[in-house]
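Naming follows writing order (A, B, C, D, E and F), and every chain is counted from residue 1.
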Amino acid sequence: MFAHNKRLQYTVRVARANPGLANLMLEQFGGPQGELAAACRYFTQALGEDDPGRKDLLMDIATEELSHLEVIGTIISMLNKGGKGKLAEGVDEQAELYRSLQGAGNDSHVTSILYGGGPALINSGGQLWNAGYIDSIGDPTADLRSNIAAESRAKIVYERLINVTDDPGIRDALTFLMTREIAHQQSFEKALYSISPNFPPGKLPGDPRFTNVYFNLSQGEGDATGSWNADTNFEVISTFTDSMGIDGDGSASVTLTPDEQSAVQAMAARTQSDPSADPMTGADLGRAPVLDDTTTR
Amino acid sequence: MFAHNKRLQYTVRVARANPGLANLMLEQFGGPQGELAAACRYFTQALGEDDPGRKDLLMDIATEELSHLEVIGTIISMLNKGGKGKLAEGVDEQAELYRSLQGAGNDSHVTSILYGGGPALINSGGQLWNAGYIDSIGDPTADLRSNIAAESRAKIVYERLINVTDDPGIRDALTFLMTREIAHQQSFEKALYSISPNFPPGKLPGDPRFTNVYFNLSQGEGDATGSWNADTNFEVISTFTDSMGIDGDGSASVTLTPDEQSAVQAMAARTQSDPSADPMTGADLGRAPVLDDTTTR
Amino acid sequence: MFAHNKRLQYTVRVARANPGLANLMLEQFGGPQGELAAACRYFTQALGEDDPGRKDLLMDIATEELSHLEVIGTIISMLNKGGKGKLAEGVDEQAELYRSLQGAGNDSHVTSILYGGGPALINSGGQLWNAGYIDSIGDPTADLRSNIAAESRAKIVYERLINVTDDPGIRDALTFLMTREIAHQQSFEKALYSISPNFPPGKLPGDPRFTNVYFNLSQGEGDATGSWNADTNFEVISTFTDSMGIDGDGSASVTLTPDEQSAVQAMAARTQSDPSADPMTGADLGRAPVLDDTTTR
Amino acid sequence: MFAHNKRLQYTVRVARANPGLANLMLEQFGGPQGELAAACRYFTQALGEDDPGRKDLLMDIATEELSHLEVIGTIISMLNKGGKGKLAEGVDEQAELYRSLQGAGNDSHVTSILYGGGPALINSGGQLWNAGYIDSIGDPTADLRSNIAAESRAKIVYERLINVTDDPGIRDALTFLMTREIAHQQSFEKALYSISPNFPPGKLPGDPRFTNVYFNLSQGEGDATGSWNADTNFEVISTFTDSMGIDGDGSASVTLTPDEQSAVQAMAARTQSDPSADPMTGADLGRAPVLDDTTTR
Amino acid sequence: MFAHNKRLQYTVRVARANPGLANLMLEQFGGPQGELAAACRYFTQALGEDDPGRKDLLMDIATEELSHLEVIGTIISMLNKGGKGKLAEGVDEQAELYRSLQGAGNDSHVTSILYGGGPALINSGGQLWNAGYIDSIGDPTADLRSNIAAESRAKIVYERLINVTDDPGIRDALTFLMTREIAHQQSFEKALYSISPNFPPGKLPGDPRFTNVYFNLSQGEGDATGSWNADTNFEVISTFTDSMGIDGDGSASVTLTPDEQSAVQAMAARTQSDPSADPMTGADLGRAPVLDDTTTR
Amino acid sequence: MFAHNKRLQYTVRVARANPGLANLMLEQFGGPQGELAAACRYFTQALGEDDPGRKDLLMDIATEELSHLEVIGTIISMLNKGGKGKLAEGVDEQAELYRSLQGAGNDSHVTSILYGGGPALINSGGQLWNAGYIDSIGDPTADLRSNIAAESRAKIVYERLINVTDDPGIRDALTFLMTREIAHQQSFEKALYSISPNFPPGKLPGDPRFTNVYFNLSQGEGDATGSWNADTNFEVISTFTDSMGIDGDGSASVTLTPDEQSAVQAMAARTQSDPSADPMTGADLGRAPVLDDTTTR
């Protein structure tokens, strides 16, 4: 069960209202790499997890991510506060309000007109948050890797936001949030490697004939070699014809019942394309007439 | 540029048509962990990548994932072939077709009625594929971790499909596809660790005050300890009040211009809630009257 | 800032695992009327709210809804626990696992194959949760009405789930959750009516010419009268021609610059449809030939 | 059945073309609070409704909302008319067209490039309209509350658009549309309170132990009191530990069959995290080497 | 402006309630090929159209499609009527209601639990309707072709529904709806070919060097020839190397400013992959130890 | 199976980096009319197709569209290359980077902040690509028409992009891509008309009573006539009352079992609206008090 205290985990001091900057910050509120995605990711994993250590870890971090969602959402609210009041009260004339709305730039008009200046669960382009952003699948050797990757991505997006923000109070809070992603990544790494073995993920082994094969399918100028495709680590197959039907003839077949067979044949006969015809087409009908064309079109 | 040969990378032999099983296979065709997501993930990363080694690796694997999409899609087509013909030709009476549609189970009715038995870019629950499944952000230390995680997830979903399929030809092809995810994961791991350093991801360092702090925010029975939150690795903060306002008082503020200030005040005055009132409400109006109630409702 | 305790707000006692029932419960976990939607709704409103009373109320209830999300998610996890273990370990033969997957019914195959038995942020039909479910717009006289409506809807969906569940422990927990929606609705009603006036919502008054007009636009057998369209409360307009162009001629116009005008005319000329032609069409080309048809088609 | 007349319900006079303003207007065309959502909301409710009075009311207003969709869509078409012609005919040089496209601001480039200046069912941020915006659930005591809330929201969004528009003809039409939302809200209120009782919504009563309980879960500076959480109206629980396990111990349990039990145990053993290990991790591998580091990395 | 009459365009006589069949019918209510998509398609095109003939045609058919939406939605409501009442009133015991819900099959549980038996704007798989189904782009030579295609698709989906329905009254109504798609297709064909020329669509001509080239990029067994790729109609290029860089060397380049250049180089240096390294990886750490392995892992 | 060569199908020469232009190009990368949609459309149709000619054609063109996706994606990468480096390295001060981000215009901030300058599968408004853009339904007479329409639309969007681009190298590549859509349309037209008959699409004939009827449902000033609704081609019905219940009385009915009947009646009684009441409502409670109002509100 959750409890809440009105103090934030990190103090938010915004130097001046700026709806355009607020809108960029939405990436980490309602964007794919943002804090709602993080909180939902760990919280849902925690509910499905039975291992006591991982369950505790996931719930600890889920709770912190909710607290981060509150920090970034509060930054957005502060940045929008001035514009929100002006639009709600209609204190300026319309042309002036329209100009300030357009001038704020990027997609901040959505936050103003649709959400009234409140923080919304959209990204900076107005895309609604959706649960497809969460890639948990209920296996710890996969989910922990997904969490490690998610923390990496969130760290980078915070880095970019810091790079485009010159408000010292916001930069300070963003740096805290960015740093916490580094801490979380370290914990998830520890948890992954505390499962042994954890590679290959899951239970079924791979087929040893194909586990260390590398298909060099993109060729031409720019072909390169490194440990990821070196023949010290992999059996490299570079010929296209050798890659096809690696196990046989590369064909496809299904056994049908007689009933199914006859239905399939009837459909084939009804919808067959006649390769010997050269039919007049709709494009022919629609083409601009050539001047000396004497057809009746 | 791409070329195509009609031979599949792996042979597909389906023992009998089965629309219900076809529908489960959609998870790896148009589902979040499926081959379209994989192909698009690596292909778009390849386009944005300048490092010659990674660009080549990403395009090699993207091309193979497209070839896998073809294999899994062909399995689905084979499994649906009988039902497709029967529905298109209407060879059975309606009640019989309705029963066979219902009997196939899960969401296979969507494949039949809407997609006519063709493989569609939906998952096994009918959810349309969307690009939110792809989490690339244009930084190699994050994207390679995302790729490692994605390969892990795809491996697991193939493992589950193998566990519920008793058709030997399909199991064989699924095992090939599953194995290739293991191979790909190994290549992406090599590529990640060929960047040095790769942790923390990106360029900005974390704030050392918070990089190794662990907030124990979920407490009570079930609290657990491991290397992921041990005080040998982290400074552990377990008191809620110590977690709040870790840098100061945890408050939020913004400096407004006088114009903004007065608009905000006007809005506050207009929309204030009166804490001293105990108003009659719509719920009061709608409540069932108590028998001896003498009010005028 | 949030804290968490591992005890649930309400005890969850599940009599036996049942993936089909688990899947129905997803409506209140990741469905449009579910607890994530509720928690996000009130939490985001709280962040944007300045009125101290409403801000406190919204955060109190947001925190409780998160705790409810945990309760319903825990029910789902318990119901899926048996099936999750069996699929992960592949303990039964494949045909048996396939049959049990199909037999569980509704969309529970998605939970098994894609999410590994963990609770996912989808509804019972597999639709991904998205933030379009949240209708907050940053005005308290509208948002509180939206909250009242949302609590009503959630109450009804719980009622339906109770009606189809015979597990006493689950019914007990669902009844608690349903009851809390009633309590929350009462609080939001109090908060709405503590703003005076709150109707019409917002600041701008309506145009008195149209505020109490009722257009009777659906006519014929079944036309009915009640206080919602009675002429004691409304000026009723029942003639279609009287409803059109209520203010004038109902036409549309825009003033264009000469440049724009000439571009529009050029486009009109280029794309005009010739009403005097009766052209042969693609459908004509594709039509089955009539037997005595002597054209060369 | 529907009929249509080419006269609009309200006259549209646009002073000059303005694609940027057109794009803002999309909020009420293809946005979540717009007229398509309203029309679909009432129309689908009407189809499912059996009560003659409500069915008639819902169809009357659905028909009017379709007519409003036509008015707002016509405004958008008029505002885009000039730009549409210029782009279709390519009358200006490319750099000039690019500049005018960028200069129009907000997301109007989508309307130009993708939709060719026609009104599209997107909101002002380019988000595709989706049926998740409609919250009807087939119970009149909930749906009428949802309709009341929806009318409130639409009223507010029109108010904001009026506040940023200085074209008198558009302001006039928007004021008409805004006013109609007030009228509709009044009708839906009448219809709701014509059902008696209507609170709590639905049929099942709440559990009296929890109907008037208020959990004060967000505490600290800023805690406030009003009729919505006053102990005159509610039993207030302010202690976190009293809120947990309100009915018992707040634990979760499920009874598994022996087969399920053993599968769960096998999975637990296979995927257990070892709390006593302190493994080297991927992050350790990727960390920048410390200069005097003598490990074998 | 729209008006409505409560008589349907076509009479709906349903022989018996059947929630499973109702759910299949949702394809033509809230599915991608359904009547809402059709109505929205033509209505939005009509608003943006200036040609008097096409504008009238589009609005005529849009109005009819709304009337069809009403017919199919009424069929769904009738089919759900019995189940709706039973669930709302909870007249059966819970286990019985659960069984009947599961027994109805396909995704009808969503309609029952979430939508209370009312028709919802989802398809038969529970996917929410979204405006991405509408492909209008504001050019008549493209949009009319899109409309022709859309009518074809809707015709086929009705055909499939007829094939699985044995209720004579429903088959009768579906046949009417299917037939109207044929009629509409004919009208749109006439309108397309009344624009002359209409091919190529739009204004800009193609580059004559590439207008009649055919790239034979999928080769191997199964290569086929017909009028669509015959060298009587096309210049056929069958060699992969001839297809690449058809205009030059197929390379890509951009001119950067010195500032940009140096930033790009800094990024390349920082994130370069070292092709000469063969680093230990996370997968290596996680791999199951080989028995006689003497490394320090 | 697919192979790839690093040479592009068409050479890409970009004169200077321009993130704003890059963002517009996204329409043909991750937009509804773009190359991913095209490739997926033809590839999935090819997998489900049995006719040898069509299968080959679809796979040839699918492979080419993938190659086009690579060309347009490469253009986007080149246009973003400068900005990507600068943001990743943070070489300018923050205020400068913020200004350049805002100045690039349209939605290019999303590409920068979220995707790091890499090409993403979104359109120019930030909307995630989704499979609802693909309208294949598994019937060749419908799907080929859909393909013809899709090629038309793609041609037009390329035309618009050419109209707003003054970089000669990009215009050159866009012209190639646009031209190929013309070539593809011609092939699909040939393939459609090689099926005979192909109209009406599918197998079931229409009901001859309604195949050539035209309902003139949108009337008033602007009514127009052409071959699409002329009485030489259609039986035109212009009277609203004649359009309703075209086959009978236009009513709707279902036969219920006695159990269902009694549940429906119970629900009707419980939720009936009382047309004789004129209840006080929530809106009445919320209305601003009239000055001389003496009620106790």
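The working rule: contacts are C-beta pairs under 8 Å (C-beta built on N, C-alpha and C of every residue); 3 or more make two chains touch, one makes a residue touch a chain.
All of these numbers come straight from a predicted model, not from anything done at the bench.
The minimum number of touch steps separating chain E from chain F is 1. Listed by label, the chains touching chain A and chain B alike are C, D, E, F. Set side by side, the interfaces C-D and D-F show unequal numbers of C-beta pairs in contact, with more at C-D. Of all residue numbers used where chain B meets chain D, over half belong to both copies. The two sides are thus made of the same residues. Chain A and chain D have Cα centroids separated by 21 Å.
Centre-to-centre spacing of chain D and chain E amounts to 23 Å, using the average Cα coordinate of each chain. Within chain D, the positions touching two or more other chains are listed as 1-9, 32-33, 50, 53, 56, 59-60, 62-63, 67, 74, 77, 81, 84, 88-90, 107, 114, 116, 122, 125-128, 130, 132, 137, 139, 141, 148, 156-157, 162, 185-186, 190-196, 199, 203-204, 217-218, 222-227, 233, 240, 243-244, 250, 264, 270, 273-275, 277-285. Taken as a contact graph, with one node per protein chain and an edge wherever two chains touch, the assembly is complete, since every chain touches every other chain.
Here chain E touches chain A in the complex through residues 141, 192-193, 195-199, 220, 224-227, 230, 232-233, 244, 273-279, 282-283, 285-289, going by the rule given at the top. Across the complex, chain C is touched by residues 20-21, 24, 27, 31-33, 105-107, 123-127, 156-157, 160-166, 171, 217-223, 240, 243-244, 250, 264, 268, 270-275, 277-284 of chain B. Of all residues in chain E, those touching chain C in their complex are 1-7, 50-51, 53-54, 87, 90, 93-95, 97-98, 101-102, 107, 109-110, 112-114, 116, 122, 125-128, 139-141, 148, 185-186, 189-196, 203.
Residue ranges on chain A touching chain B, taken from their complex, read 3, 5, 7-17, 32-33, 52-53, 55-57, 59-60, 62-64, 67, 74-75, 77-79, 81-86, 88-89, 91, 127, 130, 132-133, 135, 137, 139, 141-142, 145-146, 148-150, 152-153, 155-157, 159, 162, 172, 175-176, 178-180, 182-183, 185-188, 190-191, 194, 199-204, 206-207, 209-218, 222-229, 233-234, 240-241, 243-257, 259-260, 262-267, 270. Considering their complex, residues 1-9, 30, 36, 40, 43-45, 47-48, 50, 56, 59-60, 62-63, 66-67, 69-70, 73-74, 76-77, 80-81, 84, 88-90, 114-122, 128-132, 134, 136-139, 203-204, 279-282, 285, 296-297 of chain E touch chain D.
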